[in-house]
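Two complexes, one shared chain (chain A), two partners (chain B, chain C).
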Partner chain A sequence: MRRVGGAHRGLDMWLFQRASAVYMALFIPVFAVCALAVDTMDHETWRGLFAPVWMKVASLLFVVSLLSHAWIGLREIFIDYVHCARCVWPRLVLYFIFAVLYLGCLVWAIDILWSVQ
Partner chain B sequence: MKFRIYRYDPESGQGMANSPRMQDYELDYDPQGKKVLDALIAIKDTLDESLSFRRSCREGVCGSDGVNVNGTNVLACITPLEGLKEPIEIRPLPRLGVIRDLIVDMAQFYQHYRAVKPYLINLDPEPENERLQSPADRAELDGLWECILCGCCTTSCPSFWWNPDKFLGPAALMQGYRFIADSRDQATDERLDYLEDPYRLFRCHGIMNCVEVCPKGLNPTAAIGKIKTLLVKRAL
Partner chain C sequence: MTPQRPFFLDLRQIRLPIGGFVSILHRATGAGLALAVPFLLYALALSLESPEGFAAVAGFFGGWLGWLIGLGLTWALLHHLFAGLRHLGFDVGWGEEKTRARQTAWLSLVAALVLAILFWGLS
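Then we have the complex of A and B:
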């Protein structure tokens, strides 16, 4: 049967990529101000920055934004450039590899952030 | 003036003679006030009658003489010769199949154009005279209806180069929006349904080559942005 409509996909990812960009654009200056406000930057003060729960949550959201932004961007690149007669498998494998990699990064980031007391 | 022009005639025979090549021409020509198309016609008249290219109105209205001059898609008839770096390199529009020399196969381009249903869909009974529109509604169509379908934008778009069979390209998308924006059209939802697709619409990454090359000074990227805005409005 012919499918006449669009795939009804793409909008959610497109929108989410923009939303994640907005969050990163807001977080980075705020974090920079926090980081520059301290007198001397050493390991202790750097750890101290991440001690409050709000900073842990804000940083984690930043990591989520960064990783999802990057994954959607990679997906765009794969759609653009990974071409062949039977591309579904290579593309799915690529999506999968990077999804696992980025999810691993996310878990790792949670571990790092919540290891700071 | 020195010219370097893409030559290819698939029907000319086999072997090396049949492969695409760049041919040099030297034309004794005063570029003052002349356009690229004038030079092409002069070359065909005086140097090489086998040189093939499309042209019709020779004043930027018909859109048949889109070519790539020194790396930029232009309409040959409205591009001044003066100021072009020599040798002036003239090639067919990129990414489309070459039928002969500067003549490209526009079938793919027109297929995408057809796909957006570039005509008014209105199921109401036809009125006595015409379907009326307020001046403000009519103004929505400015910057959209002027497209002459020369193909300069679509063939300069890298997203079209990578997915020419699936990505509709700036020209077709802008014509799609031209009917979405039309207050008399009743098929907005169906049109948006058709466009909401990772390939058809969302291959556009805002590279904006289309805006840079459009000989009519139109802005397909803005039209595509408006389609995306409507999709977001519809989804939320």
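Then we have the complex of A and C:
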């Protein structure tokens, strides 16, 4: 039987919120150590940090985690505070605005990361 | 059928326990960071683009306003991270006892403040 939306979506999001959090909690210290290990941080060193393919991939996965984590978190906040009989449409509009904004950010991030040679 | 419960929502008088305080800050910092994402992406783009762009971003965070924003964002990220790890602990059943939960609440609150100030105080 085909499931149309419904009860499991909340659980999926709950789980994804944790999974993305774990990835970010692992990435942030690794990146911080890489960035703070250099003697002086200048433009050349900063670009060099993002030059290897593994760093581009790891950073993009971080951006994907961050954006989906942020969207799910904001959705949670909107459900709590934009909450009344007539609030369904405003809430959907807010979801839409942030979905478009964050998808734009994702494409932008790909462009930024892969422009570093 | 809605039971008539007494409710009290005067924010000036509500005294949250430390766990509740850390938890609401987790939500507030999360919202703030979520709104900051496009601006941070802009700073990343600018800093990677050219030496002039890098200098502009470094100059901004070197000024008093940029320093304050940088300190605030670093604190928000660290607080959200530590309070989030605390909540992950609860998910797997670690640290749910009252005393332990209070200790970890204080720990995440203080650790985030200290590390953020150390980082922006030294740089």
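Following the convention adopted for this analysis, the second predicted complex is superposed on the first by the 111 of 117 C-alpha atoms of A that agree within 3 Å, B and C clash if a C-alpha of one lies under 4 Å from a C-alpha of the other, contacts with A are read in each partner's own complex, and residues count from 1 in each chain.
Note that in this section a residue touches a chain if its C-beta (ideal position, glycine included) is under 8 Å from a C-beta of that chain, and two chains touch if they have at least 3 such contacts.
Not measured: the values here are computed from a predicted model.
Student: Of the two partner chains, chain B (first) and chain C (second), which one does A:93 touch, if any: first, second, both, or neither?
Tutor: After superposing on A, A:93 lies clear of both chain B and chain C.
Student: For A:9, decide between first (touching chain B), second (touching chain C), both and neither.
Tutor: Only chain B is touched by A:9; chain C is not.
Student: If you stack the two complexes on chain A, which partner ends up touching A:19: first (chain B), second (chain C), both, or neither?
Tutor: Neither chain B nor chain C is touched by A:19.
Student: Once the shared chain is lined up, is A:81 touching chain B (first), chain C (second), both, or neither of them?
Tutor: first
Student: Return first, second, both or neither, reflecting whether A:51 touches chain B, chain C, both chains, or no partner chain.
Tutor: neither
Student: Just chain B (first), just chain C (second), both, or neither: which does A:35 touch?
Tutor: In the superposed model, A:35 contacts neither chain B nor chain C.
Student: Chain A residues in contact: does chain B have more, or chain C?
Tutor: C
Student: With touch defined as at the start, can you tell me which chain B residues reach chain A in the complex?
Tutor: 159, 162-163, 190, 193-203, 205, 228, 231-232, 235
Student: Along chain A, where are the residues that touch chain B in the complex?
Tutor: Interface residues on the chain A side: 4-15, 76, 79-81, 83.
Student: What does chain A use to touch chain C in their complex?
Tutor: Contact set of chain A toward chain C: 18, 21-22, 24-25, 28, 42-44, 46-47, 50, 66-67, 70-71, 73-74, 77, 98, 101-102, 105, 108-109, 112, 115-116.
Student: Within their complex, state which residues of chain C touch chain A.
Tutor: Result: residues 27, 30-31, 33-34, 37-38, 41, 44-45, 47-51, 53-55, 77, 81, 84-85, 88, 91 of chain C touch chain A.
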